[in-house]
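The structures considered in this document are given below.
Consider the two complexes below, in which chain A is the common component and chain B and chain C are the respective partners.
Let's turn to the complex of A and B:
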């Protein structure tokens, strides 16, 4: 796997980890109890996808998925702007979910066509779960598509898909602080 | 709205009640039911039914105690025992 391919997998892994983390913030506070279960499950899937992608890259780099996920500085993360924002409005969360799944689907199609059988195989596996996420996103889209607060959220967030991956917001720093606080509480190399 | 969910574990088996989901409409019920009862390979089919559509029957009047109409048969053994006691004859050895 060349450096460029590793970078692409890291971008996707970071997106999935950070978005999974953000989505998990809805656990226990989603607007419907049933939705709480469904959305938490999606969050957990995304983090699972991140783990699998990190493992592929870690193998190439002689490191571990944990180190890639948690031991980099916030500035080194390659996640997209849309994934890192803390969105406390449900309509914005659903708008992001819808936009992200759409973009993620296109990306996974490309990965499934990869020459690397490990990458193509993992992409196919991930895509089978993402199919449920897309179904879920579409369900909410159909329900909210005529609501002004939702269409405004979609319009506001859509440009962030192309906002680049080099600069991050303060919100990623804050997320990183929380996400890595336990791991940083012990010296590097600690056995957990 | 509450929807009752029935799932079939393997092809050819009867569907069994799995639980319920609460959803604002049929579309949400479809997605939530898949999420909770289908997407981990645990089911080959689901039936998702609005609870209101289920005709529930939980009272069974049998005032005249005509239990001989029941498909589980007519309980003869107890009656035979009582008859034998009245007649003063013991049951045959094999029937004890």
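Let's turn to the complex of A and C:
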């Protein structure tokens, strides 16, 4: 796997990890019980995808998925800014979900065509799961598409999809602190 | 010396951690068993990549292999060559008998899952096809929630993967 392909896998893995954490913030407090279940389930899937993608890169680099996920500095993450935003209003959460799934589907198509059978195979497996996320996002899009608050949220967040992956928000630093606190507090030599 | 048949038989006794009425072999997730001297290699595919039962399943398989006096080597195969179509007929019947609708065939459901749902999703209690989707997501990633308008019973549908 060349360096460019590793970078692409890391970008996707970081997106899925960070967005998975953000989605999980709705657990227990979503506006509808069904959405509590939906976003918790989506979060679980996204973090599962992140793990599988990190594992592919880790194998190339002689490291582990956990080290890639949690032992880098926040500035080294390659996630898109749209994934970093914390506990958005509901219309923004749905707008982000819709925009993200649309963009994610495009890059998964690209990965499914990879020459590397491990990459192509994993992308195809992930895509089967993402199909359910897309159905969910589409259902909400159809429900909200004529609401001004929703369309304004889509317009506001869309640029953050392609805003570049070198700069990050303060919110990513805060999330990193939360996400890695237990790991960092363990004595040296602890195995997980 | 352990035979592959013995390994398959031992693995067939491991219940799915989240739906214990069905075994890992019924579920079709065990892809390959190979015996090489004292080592038994087992390859399996999780239904969903984020399945929290992955480690539990891996440990259970390793334990069964050790009980046969062999050294286990369990690998996870994360590709698209496994689908819920691989659930055995026995497995599908066990699911149905305990109130889980078995997954629809991949061909019938993808890629236009929404439009075709009505034809392929049958109530596990009364057999009616007059059912509707309540929530794409359910108590575990591999299940959806549906409602049968005929016998007025909510039920869980195994997702097609």
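One rule holds in what follows: the second predicted complex is superposed on the first by the 188 of 192 C-alpha atoms of A that agree within 3 Å, B and C clash if a C-alpha of one lies under 4 Å from a C-alpha of the other, contacts with A are read in each partner's own complex, and residues count from 1 in each chain.
Please note the rule applied: contacts are C-beta pairs under 8 Å (C-beta built on N, C-alpha and C of every residue); 3 or more make two chains touch, one makes a residue touch a chain.
Computed from a predicted model, the values in this text were never measured in an experiment.
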Superposition on chain A - do chain B and chain C clash or fit: clash
Which partner, chain B or chain C, touches more chain A residues: C
Touched partner set for A:81, first chain B, second chain C, both or neither: neither
Contacts of A:132 with chain B and chain C, given as first, second, both or neither: both
Chain B versus chain C as contact partner of A:97, first or second or both or neither: neither
A:142 touches, of chain B and chain C: first, second, both or neither? first
First, second, both or neither for A:38, with chain B first and chain C second: both
Touching partner for A:168 - first (chain B), second (chain C), both, neither: neither
Colliding region between chain B and chain C, picked from 42-50, 60-68 or 150-158 after the shared-chain fit: 150-158
Touching both chain B and chain C, residues of chain A: 34, 37-38, 41, 129, 132, 135-136, 139
Partner chain A, residues of chain B touching it in the complex: 21-25, 27-28, 30-32, 34-36, 39
Chain A - residues contacting chain B, complex: 32-35, 37-38, 41, 129, 132, 135-136, 139, 142-143
Contacting residues of chain C [partner chain A, same complex]: 48-52, 78-81, 83, 110-111, 113-114, 134-141, 159, 161
Residue ranges of chain A in contact with chain C within the complex: 34, 37-38, 40-42, 44-49, 51-52, 117-118, 121-122, 124-129, 131-132, 135-136, 139
